[in-house]
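Structure provided below as structure tokens; questions to follow.
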Amino acid sequence: MAPGTRTKLLVLGALGLVLLLVPLLLPSAFHLRVAALVWINAVAALGLALLMGLAGQVSLGHAGFMGIGAYATALGPKHLGLDPLLSMGAGILLAGALAFLVGRPILRLKGHYLAVATLGLGILVHLVLVSEVPTTGGPDGIQVPRLELFGIRLVGPELWYWITGITLLLAAWLALNLEDSSTGRALRALHDSEIAASVVGVDVARAKLVVFVIAAVYAALAGGLFALFNRFVTPDVAGFLRSIELVTMVVIGGMGSILGAVVGAALLTVLPQALTLFHDYEHAVLGLSIILFMVFLRQGIVPGLAALVTRRRPA
Amino acid sequence: MPPPEPLLEVRGLRCGYGRIEAVKGVDLEVREGEIAALVGANGAGKTTLLRAISGVLPIRAGSIRFAGEPIEGLRPHERVAHGIVQVPEGRQLFAPLSVEDNLRLGAFRRGRERTEANLARVFALFPQLAERRDVPAGALSGGQQQMCAIGRALMAGPRLLLLDEPSMGLAPTLVEQILATVARLRGEGVTVLLVEQNAVAALSLADRGWVLETGRIAHAGSGRALLDDPAVKAAYLGL
Amino acid sequence: MNRRRLIFGAATASFLLPVAVVAAEPIKIGSFLSVTGPASFLGDPEKRTLELYVEKINAAGGVLGRKIELVIYDDGGDANNARTFATRLVESDKVVAVVGGTTTATTMAAIPVLEDAQIPFISLAGGIEIVEPVKPFTFKTPHTDRMACEKIFEDVKKRGFTKVGMISSTAGFGASMRNQCLKVAPERGIQIVADERYAPGDTDTTPQLNKIKASGAEVIVNADFGQGPAIVTRNVRQLGLDLPLYQSHGVASKSFIDLAGPAAEGVRLPAAAMLVAEQLPDDDPQKKVVLDYKTTYESTQKQPVSTFGGHAYDGLMLLVRAIEKAGSTDGVKIRDALRATKGFVGTGGVVNMSPTDHMGLDLSAFRMLEIRNGNWKLLY
Amino acid sequence: MSLLEARGIGIAFGGLRALDGVGFAVDPGEVLAIIGPNGAGKTTLFNVVTGLYRAQSGEVRLEGRDVTGLPPHVLAARGLARTFQNLQIFFRMSALENVMVGRHLKERRRLWAELLGLPSVLAENRASRARALELLAFVGLAERAEEPASALPYGALKRLEIARALACEPKVLMLDEPAAGCNPVETEEIDRLILAIARKGTAVVLVEHDMKLVMRISDRVLVLDQGRPLAEGTPQQVRSDPRVIEAYLGRLGLEAAHAAA
Amino acid sequence: MVELVQLLFAGLTTGAVYALVALGFTLIFQASEVVNFAQGEFVMLGGMVTVFAMKAGLPLPLAALLAVLVAVATGLLLHRLAIEPAKGATVVTLIIVTIGASILIRGLAQIVFDKQFHALPAFTGDEPIRLLGAAILPQSLWVLGGAAAIVLGLWLFMERTLLGKAVRATAANRLAAELVGIDTRVVLALAFAVSAAIGAVGGILVTPITLTSYAVGTLLALKGFAAAMLGGIGNPVGAVVGGLLLGLLESFAAGWISSTYKDGVAFLVILLVLFALPQGLLGRRAVERV
């Protein structure tokens, strides 16, 4: 068995196990709901992990794509009478198309310039969602119709736990496959040296565009799932703070690690719920935790812990 | 009369990066007024050793004494104040700053009056730098950059000059010129510890030399003796 | 046999009653508020008020002989958080009712969750869509933004003007009130000649005001809460615009006057009676309630009272009253009792609810105030 | 018609003429060395020919076709590969994967298949892997294949870059200071490697400071000085050219050049 | 004409604050490659500490001084407790650290101070000055003058003093700086301290116009970052130009195009500028060396 395949099975196995265990250990509907949010955020973070961890391209506006997916899902049924699922598909296409259109000029930028350009893109999306009140409902948000499949209403946290969990599993499987492919290697290569990648024949601009579109599609998928699950969306899903949150998930979990994106998403989704214990000190503790994590596990939780474990192991 | 105490004395030095230990227990000493040369293959730990002596890399074990005092606890800028000055590999100039600013920053730890005198001395040593004193250092040619880097180190008034690969990437004529300068510095009373890729040139200049092999000293002796050592010749000098 | 047992049971129960009071489970009331974030100046006094009055109620023996346990979460102004916390209140904390929802967005996000769970929910936000159309378990205490528009336009007409220049924030309350004003204006014979916006956090609105100036507006109406209105107010005076300026009930706290400084002179706004508690005529039914609340709040919290805390007070009191009336913590029974509320005197006005009106306030609950000499002046 | 031909290349950076009317040509199996003092424009010439810089004048022809100004990845597809003076290694990847990236052009890519991990993709991976292992063995790194590139010593990285370039199966291989920073023993290995590559019919163009290496392996030598061609000819011709000695070789270099003879 | 002048001054005033934040970004970035997203919090501290110190009875100058000291202390602590321990981490990791720091500072501010908005009295009165028919606030002139003074002072420091050159040297090459005897830790601490001071002064100057609260930092950090990138990061002149330009863009977009989409117009222009000039307006266009 190739080493790539082994890692793949290990990661998917671990994810699957967690997926099975959570409902046994935390059976309350609220817990399942938070867990479903974790899976949704993890899907978005996964896409961003491909963009940031694999290809080394930062995006500070990724929530914009999440917003497109979420709002398409909400607005399609309302204004066009479309089926919510169909609308979600359209939203994903739309996000992918937007990423494809703006990807080339934006991805020519490097480092912090790329960061500010993607930031601007995210802000523009957010601004449209906030301002076009007659269409989007503006800052107060908009209700999303219930999803019905073959006449069955898809409601209840358990059901959504499984829908989102299995989506995540699929998303992770695709991401792992990509990592261990010609395109994946090209992306990892251009992360280290775009010049060297280009002289061995990698069309760097195209490769970056591909991963940018994939990341956008992941985010839009997450946004759509969120809309259907939450049944209410506000422009906050596309906001700057959400983008920062997504980046933090990826970094704190460990850039370039598929599992890391999931762990990061879990941490940043669950932590605010746990920190409600601290009342007024909630934000201070959140900020402090982020600093501590980044200082002591600077490669991120998953790679950081992996390094700890291997170091402990006698040589 | 016992031999004078060495200017630099390194004992059992270990250091490295991350999980890799690049220097695995090195002993060496350099006496006042000498040129000492450290040669060896790439990755043997030469640069690592110099970085440990100048303090930019923390050591893991061993001791470093300078002029009789332990200095391993000192930070790099404190070692500069003691007179240990390194010319790093690849010159490492302050590219956007002018040549003169680079040189003046070399004297960051010293008084103003001596700075002016030193500046004149460096310009005398490298007249090309004087001509281009207002040019950003990054715009200099490779050879001039090396001169600027050495000049900057001299501005600090070093007792021990650590030279890391001064000939790297330079055309042969320039290498000669740089090495001639090193010989001249010894005449002015500066002690030099030289790390060189160009082993033949370095050893023919050196009073004392070591061959470093994967973090350990494999051969030691006077420069001449090492050049004549058949084992060294075969393995390291390609002769 | 059955009957005897019942009587026996009842006797035992009455005998054990004092013990039961001590041992009884507390009544859990939930809340999610925007204590931090852009609406924190609303959420913060709301939180303080709820905590203050729950403590007072408990000290006085609680409700139905049981203590109230308050569970508050801070949604930071994020509607998605609000929804998650609403679920948490329902699923995890198992509260019997919810008083909260600082903004319209957070309220709207939580409504489906609480409606599904049949938990009575008294919102503290202004948006009219909260109670229109009526949802079975959702109520609200503050006046709606539409009422503010109506009250303002009424006053504008009274002064003989018709051309209004609107300036509003693009976020939350400002955006929603702007929509209401645009809708109400034609009905009231008002012409909106300019409709300018600014983003939350903007620190300068002179470009927008310049456009209003050029539009031929006779009065300026500013829909927003927070620091925006103070900046608009200052900018209006700085530009030397000599037009009457209206603010909304969103600025109804003393801090607005502090922030706007001398520029606030002459600004009019519709607001609840509380701001002018002392100026109310003695026969005003609200006088006692608002004075009580004001003194209690200001003496314990060491900060000036705002109408926002008052909304929380009204919500809590409405709920407590309903629970007592229902004699139960059953959601449907509390809801029915809430709907039957008549003549409840709160800080926001006299509340008369019905199955078709889950707010129970009319325009009379709004007073028209003007800022004079750095203080509120009751006009009518 | 030569395999690769550059003619009249000129380029300036901010008014400074880095290259002015430089050209060269190589044929299959030939080794051409470009030498000259630092700043003579050798690396710049490489960067122009491989498409990293756009020249202001001149043209580059590959197999007779004009390829001037084409981007690097297109040139790579046409058969041009190179290494770098300052290593450009993919440090996050293993040695093996570094070389596998070099197979990029030989791999078929269909995004859907890759995402779904179809058997065809796995087969492709296996093929690339096998070829990369062969190349690593060729440069003497077979037993370090699975190590992260960041753990390899300098000399090994130099060879790794060559293996990666070879993975493209280039017609022309351009090596920028392949022996810089290598000790004499490593230099000799590289020396043998280059000759082996040329023997297989690949044209090799190299920039190098090590005169011994240059003199030993080159068929022809081009000397640049300050962006202009100074001399061109066989190693013997060049090292006895007084202008070259004056401008470049000096005493030590001359000694080395003769020591190699 | 009146409108033009009005918009111009409105834009310049806002832009001057953006410029100061961008300058703070640049200073820390130059010295440490860290993009400090907590930069906006220094502005917040400047305003909030002054407000609360004045409430406690201090006169404005003393309150302002105290505010600068508090901000500087915060900056030094940030460097010592968060940036220094994370030394060697990747750029993105360091960004996340500073974002964490910004959440922490804001979280503490809401406890230490409160969650309300606050104002400061204008330094020299509220009576607008008439210029070509437009009304200019005296405080605007304070902001513009203060910003100009800071920029000039910083320029003199960086160009004319050995310590300033040491900062530039550390920015250019940290290893070399250590090897010539510059204590780079001190230089970095200095960069954080100066950045914090600049931010705080900006906050004090602008609070009489814009009001302040514990949460104003986030937006300023965002705009300041955008301004720094617009100008070309690592270039102090670029930071100032970028800041002023962003302020003007917003002002003119609000006045002439659409107040709803004024931020959109600003970011759209930033995007277009970057598409044309990928290193910002005044950024170094380095030829990639290979």
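Every chain is named by a letter (A, B, C, D and E) in the order it is written, and numbering of its residues begins at 1.
Throughout what follows, contacts are C-beta pairs under 8 Å (C-beta built on N, C-alpha and C of every residue); 3 or more make two chains touch, one makes a residue touch a chain.
Since the structure is predicted, the reported quantities are computational estimates derived from the model, not experimental observations.
Participant: If you check the contacts of chain C and chain E, which chains show up for both?
Facilitator: A
Participant: From the C-alpha centres, identify the chain that is farthest from chain B.
Facilitator: The chain lying farthest from chain B is C.
Participant: Sort out for me whether B-E or A-E is joined by the greater number of C-beta contact pairs.
Facilitator: When B-E is set beside A-E, the one with more contacts is A-E.
Participant: Would you kindly tell me how far, in whole Å, the mean C-alpha position of chain D lies from that of chain A?
Facilitator: 41
Participant: In whole angstrom, what separates the CA-based centres of chain A and chain B?
Facilitator: Chain centres of chain A and chain B, defined by C-alpha means, are spaced 51 Å apart.
Participant: Taking the mean of the C-alpha atoms as each chain's centre, how many Å separate chain B from chain C?
Facilitator: Chain centroid spacing, chain B to chain C, equals 74 Å.
Participant: At which residue positions does chain C touch at least two other chains?
Facilitator: 36, 170, 197
Participant: Listing for chain A: what residues touch at least two other chains?
Facilitator: Residues 131, 195, 282-283 of chain A each touch two or more of the other chains.
Participant: Residue numbers of chain A touching chain C in their complex, please.
Facilitator: 28-31, 33-34, 37, 130-131, 133, 138-141, 143, 157, 226, 230-234, 236-237, 272-273, 276, 279, 282-283
Participant: So in the complex, the part of chain E that touches chain C is made up of which residues?
Facilitator: Per the stated touch rule, the residues are 3, 6-7, 10, 13-14, 17, 110, 114-119, 121, 126, 128, 135, 137, 206, 209-211, 213, 215-216, 219, 251-252, 254-255, 259-260, 262-263.
Participant: Residue numbers of chain B touching chain D in their complex, please.
Facilitator: The contact residues of chain B facing chain D are 20, 40-43, 141-143, 168-176, 197, 199, 201, 235-238.
Participant: Quick check on the complex: what are the chain E residues that touch chain B?
Facilitator: Spelled out, the residues of chain E in touch with chain B are 162, 165-166, 168-169, 172-173, 175-185.
Participant: For the complex, which residues does chain A have touching chain D?
Facilitator: Touching chain D from chain A are residues 2-5, 8, 173-174, 176-178, 180-186, 188-189, 191-193, 195-204, 210, 256.
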